[in-house]
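Multiple structures follow.
What follows is chain A paired twice: with chain B in the first complex and chain C in the second.
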Partner chain A sequence: MTPLTQTADVAIPELKPMQQRLLVAGAAGGVLSLVGALLDTTQFLQSYLMAYMFWLGVTLGCLALGMIHQLSGGAWGVLIRRPIGAASRALPLLTLLFLPIALGLSRIYPWMNADLVAHDEVLQHKHVYLNAPFFLARAAIYFIVWNVISFFLNAWSLEQDRTGDFRFARRMQLLSGGGLVAYGVTITFASFDWMMSLEPHWFSTIYGVIIMGGQGLSALAFLTIALVWLSRRAPLDRIVVPAHFHDLGNLMLAFVMLWAYFSFSQYLIIWSGNLPAEIAWYLHRMETGWRPVAVALMLFHFAAPFVVLLSRTVKRQPELLVKVAAAVLVVRIVDLWWLIGPEFHTGGIAISWMDVVLPLTIGALWLVVFVSQLRGRAILPIHDPEFDEALGRIIERGAPPRTAH
Partner chain B sequence: MAESLQPVEDPNRAYVGAGTPPVIAPGHTFGTVTDKISAIVLTRRTPLGWYAGFLLAGSFAFLLLVSLTYLVTKGIGIWGNNIPVGWAFDITNFVWWIGIGHAGTLISAILLLLKQTWRTSINRFAEAMTLFAVACAGIFPLFHTGRPWLAYWLFPYPNSMSLWPQFRSPLIWDVFAVSTYATVSALFWYVGLIPDLATLRDRSQSRAGRVIYGMLAMGWRGSARHWHRYDTAYLLLAGLATPLVVSVHTVVSFDFAIGIVPGWHTTIFPPYFVAGAIYSGFAMVLTLAIPIRAVYNLEDFITMRHLQNMAKVMLVTGLIVAYGYGTEAFISWYSGDKYEGFVPMNRIFGPYAFYYWLLITCNVIIPQALWFKRVRTSVPVLFVISLIVNVGMWLERFVIIVLSLSRDFLTSSWGRFAPTFWDWSTLFGTVGLFVSLLFLFLRFLPMISIFEIRTLLPEAKVSDE
Partner chain C sequence: MKTPPTVYGLMAEFDDPASVVAAAERAHREGYRCLDAYSPFPIEELTEAMGGEHTRLPLIVLIGGIVGCVGGYALEYWTQVVAYPLNIGGKPFHSWPAFIPVTFECTILVAALSAVLGMLALNGLPQPYHPVFNVPRFALASRNRFFLCVEARDPLFDLERTRRFLETLSPREVSTVAD
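On to the complex of A and B.
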């Protein structure tokens, strides 16, 4: 095991300066965002919610994929175990970053408007659920659940690395089983609370599932980029082989299809039912200036990545796959923009500079945490019980030399 | 000989809790596998139990024939369906059977693409189960039309009546989905059988056996070129069958969700129906596999590993189904729509509340026992749970279909549904048909894929250096 241990402990020198640069970028973005918040608070909160949901999606998607891997096993997860862990350790930051939303409730959510509720029977009915104290209490529960799961999974994984004790694997499996159930329930209600209630009359039972599918996709795209980046540097340059990218590409393809399946199911059922209470949400998004965005989502959130990811060549060439993954991340943001934006700009498409700055700012801060957490641990989980099976032979033999970029 | 009797190294062995049973018991060789499976068909005496079981199942199949004959003579008035409950046992049974078929497709197609070797010993009879279940399912809508001899009107074809099906109706999507499903499942099953049919042809002692299996084997000689083309074809079929796992039950869910009946019209239906289908399908595979492996001593091939994995799939899909119940109930309230809000009230407190609670007990509460390894490793307990889930999934469709129809928007048009003798006789008749077909399959075809099991043996491992 000695060569393995050495392999895993090699520090990646580029990470430290990267972290510093990201911190500077995050600070600059923070200042810009603050200016934006003062200029147009509502627009700031709208863009903030979008950016927040995007990075929360990457984080929780990573957490959920990690738990799925604990239960299902498979070589695909062993290599990305550390990036998954580092991403899920951004949860305390995201908990803190929820504050602006909590403080801005009355500017974001129409059900906070007492006048509106007073004249609306349905909103009065929902007031038991949609009111600020209960909303915040639920948010607190979600964050406690997510942070607790992430904390213990990471702590046990670290212990396992240190001691090589397989009992931790068993514990992580148990927690992952319950954790996935908890994730399913909490993210469903969180998506109802934070996004669906932007249009408080509207409801859809599949909404939480669509959000989960999107989070899985965001996480996979992010992890692909991370793995491609890591695979160009020691020590992973000797370990990652095309088959690893192939697995990630296939999973991304599966999530692209799942997202389309969920979204289309919702659309078809609501379209054919044609009930006033249900179609309003789509009318705001498809019969206004937002229509081109809806069409673009069909083309670039489903059709294009679907066709491209069918190709074996693309999935096995990191240079190509990383581009697809980056494009997927962009359309994920566009999707969230389309889900949130029309509630604020009912007349038609409206884009603000904050829609660009805020995802980048939160992203920079998020990446600071991600990189620092990645630096803090060995890049490979050498005591993972599956480690030898998944990577042992490659490490012994040495991966075929890769062409320089 | 002694060399080949090494314990089998299981390629997929899970790491945790060392001692996870392998997918094939140690000590087998190419020869013993072939002998053991083909003997059931070719040389072993047919057990008396087989005749007894076939007779019993056959008599229920005969009951089906009687019921359908009477139905065609008298019309569907012999069933309990009447306005407002125009869909009752017929559609419940249809959805139940179609759902059961899904496990076969999932095991054979998706698990093949995911390289899950444990599928190998259960895929053959799971696929057979799919075919027979689809056959049973098809009977219900076909006879519910009242004039099954005109069923071809459901297909779009240029005709002198200038009559076309309504393409916006999910019922017509059903026609395409189910007929595609039946075709692809049959092809997949048959193609998978070809190498084994050739084995039977070569080993058969009787002339009839050689001729019949010989024709069915379509000239298979096992040459390298045959195998090469075969692998390609099988993989392509798996690719074709994969979307069907999702699409068929999605379309079935549209039968309900496309309309606006409260309790039917909800967006979670597609994924939740698919999960429910896989749930009931795996329950049925367990219900069949447990007695079969005991009677034919197949514990070497259908190991505890298989039973445990299937139990885990049931646990996961059962949780997804429970998630569906939960979100549906919450959104019914949250919508603020009084008809939607009435749906859970009617289910929980209404005239059919007993069935609703029975459904929750069978589908949500009892299967939580599968969280425990002791339960997953106890064969009798698994068998009982699988039966309970089968009942629960039937009840789920009954509750969805009948409860919503019996009490919809207008109180004045509320009604009740009570099944007649013929409702029950048709349901149990299809069970009889299903089991009879399964008995014939067990007797005349290799129930476990011989050639695929052989690839799991250490002899089959070729060094990749």
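On to the complex of A and C.
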């Protein structure tokens, strides 16, 4: 019987070959992407921004869910704590991967175009905020904030594992309180900078919140898939029960509704006001060839997952729930494609092979880091204050007790 | 000779939650279906132990939600398009985005009301009299004792045989519940 204190590396031998395969896939995708970058740099950067925002969303969503769990407690977060930690430790990689965007600013952001700005009074006023040095300085601040939060949470979590000292739990709670506020502020500005400024005339204050809701949903869908995968292997196979999946399914349902609520709020306000400066953004996305994508998002980003996730049966059966989670990840990418794409292809839907290759490539590299980080620690946070609550009933029923203490 | 009072069921008393869960499981496996368990605090496993009987409440709430959704939209449509059409900001009378908030609120309202009323209808509350209180020790169910009651309406119920079965579950004591 595998004791729970073993590192995942020892407990789950499949992880190592998996990491190697992912690295090969990432390298192959990297070569393909490089070819794409040389063939059509602008299309490359557009697809890259979409893929980057998606994987950044999974990472930051995991970080934020981890912080929420530190504050709220509850059994739902204990089994996914280690995947959450491993995902948040992919932040240094994402910091590095921001480089192509930083180098390609002038190709994707209209406010970088000096000619355009010279003839546009609004952009001249916005130049105080939307200029390259300030843009990069802000990006640096976001990355510092995210990396620092992630670094300390992970370091303290490791210390807690080693010592079993509950003082670390207290420290993680304190940092999470401030960390969530910092996350809210930074992701709002980051989404303004990196995505909203693609259409520099347009503004919406709820935009950052829509992105945040999407990140939470992406993270939950990813964590659901990770937990299903882990639950089919020792040691989690004797620990995970349908109730654990039920919790994740319910949270996914909540985030689906949250995303719909934020997105619709933005639409309703802009639609009611009907002001030229504000509706342009929607006209580009709904009165052009992009309209079917908008309709598909209403159906498959909200209606379908909402109805499916109402079912108790679906939420308690990992084989079904994992399919819903995978579909959610796909519509998350479609949502980002719809938010970014119309700025580059105003006429109508345009999909490039890079829109498929880049999310997969960054995904493979991201997963290499995720798996390698997962391998280094025990698969369960034995000394988490909520640990007994999350697993209590199984231990009571005669499953082997934890080997720690 | 006095006529014996009619029997509501038999009640076994336990010291800890694990025993009452185990007992409920055994009784369910034995074939008893009209079971109820009483404890000072909620025990999640108990419902499952007694067969995890699914109620019709989710269905009632779903129907309530659909009625609220359709009703809310219909109300908006009828007032805005049929009964009292107003030109608001030059928008069409049938402006669906504006109808969504009311539709949403009505969905939640009717679903929540059906949940509360459906729950009361299904569990029969409020109930001023219940036979289990005829057992004097039952008062301890709100303190530190756990009870499992096999009701007499169960087809397998037999005063003697059921009592003997309950004795095998090592309870503190088994009492007959008068109706």
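As a working rule, the second predicted complex is superposed on the first by the 383 of 405 C-alpha atoms of A that agree within 3 Å, B and C clash if a C-alpha of one lies under 4 Å from a C-alpha of the other, contacts with A are read in each partner's own complex, and residues count from 1 in each chain.
Methods note: a contact is a pair of C-beta atoms (placed from the backbone, for glycine too) under 8 Å apart; a residue touches a chain by one contact, two chains touch by 3 or more.
Worth saying up front: this structure is predicted, and the values here are computed from it rather than measured.
J.: In the superposition on chain A, see if there is space for chain B and chain C together, and answer fit or clash.
T.: Chain B and chain C clash in the superposed model.
J.: Return first, second, both or neither, reflecting whether A:A303 touches chain B, chain C, both chains, or no partner chain.
T.: neither
J.: Just checking: does A:V35 make contact with chain B only, chain C only, both, or neither of them? Give me first, second, both or neither.
T.: So A:V35 meets neither chain B nor chain C here.
J.: Contacts for A:G177 in the overlay, against chain B (first) and chain C (second): which applies, first, second, both or neither?
T.: In the superposition, A:G177 contacts chain B only.
J.: Which partner chains sit in contact with A:E121 here, chain B, chain C, both or neither? Use first/second/both/neither.
T.: A:E121: touches chain B, not chain C.
J.: Of the two partner chains, chain B (first) and chain C (second), which one does A:L268 touch, if any: first, second, both, or neither?
T.: In the superposition, A:L268 touches chain B and chain C alike.
J.: Applying the document's definition of touch, where does A:L103 land relative to chain B and chain C: first, second, both, or neither?
T.: neither
J.: Which partner, once the models are overlaid, touches more of chain A's residues, chain C or chain B?
T.: B
J.: Pick one for A:R312: touches chain B only (first), chain C only (second), both, or neither.
T.: second
J.: Considering only the stretches 4-12, 112-120, 148-156 or 166-174 of chain C, report the one that runs into chain B.
T.: The superposed arrangement places chain C into chain B at 112-120.
J.: With the touch criterion stated at the top, can you tell me which chain A residues are shared between the chain B interface and the chain C interface?
T.: 268, 272, 274.
J.: Using the touch definition from the top, list the residues of chain A that touch chain B in their complex.
T.: 73, 121-123, 125-126, 129, 166, 169-170, 173, 177, 181, 184-185, 188, 192, 201, 203-209, 261-262, 265-266, 268-270, 272-275, 277, 385-386, 389
J.: Which residues, counting only chain B, touch chain A once they are in their complex?
T.: 14-17, 168, 246, 250, 254, 257-260, 265-271, 319, 323-324, 326-328, 331, 334-337, 371
J.: Which residues of chain A touch chain C in their complex?
T.: Those residues of chain A that touch chain C are 264, 267-268, 271-272, 274, 310, 312, 393, 396.
J.: Help me check something: in the complex, which residues belonging to chain C touch chain A?
T.: Going by the criterion above, the answer is residues 18, 44-45, 58, 62, 89, 91, 97-98, 100-101.
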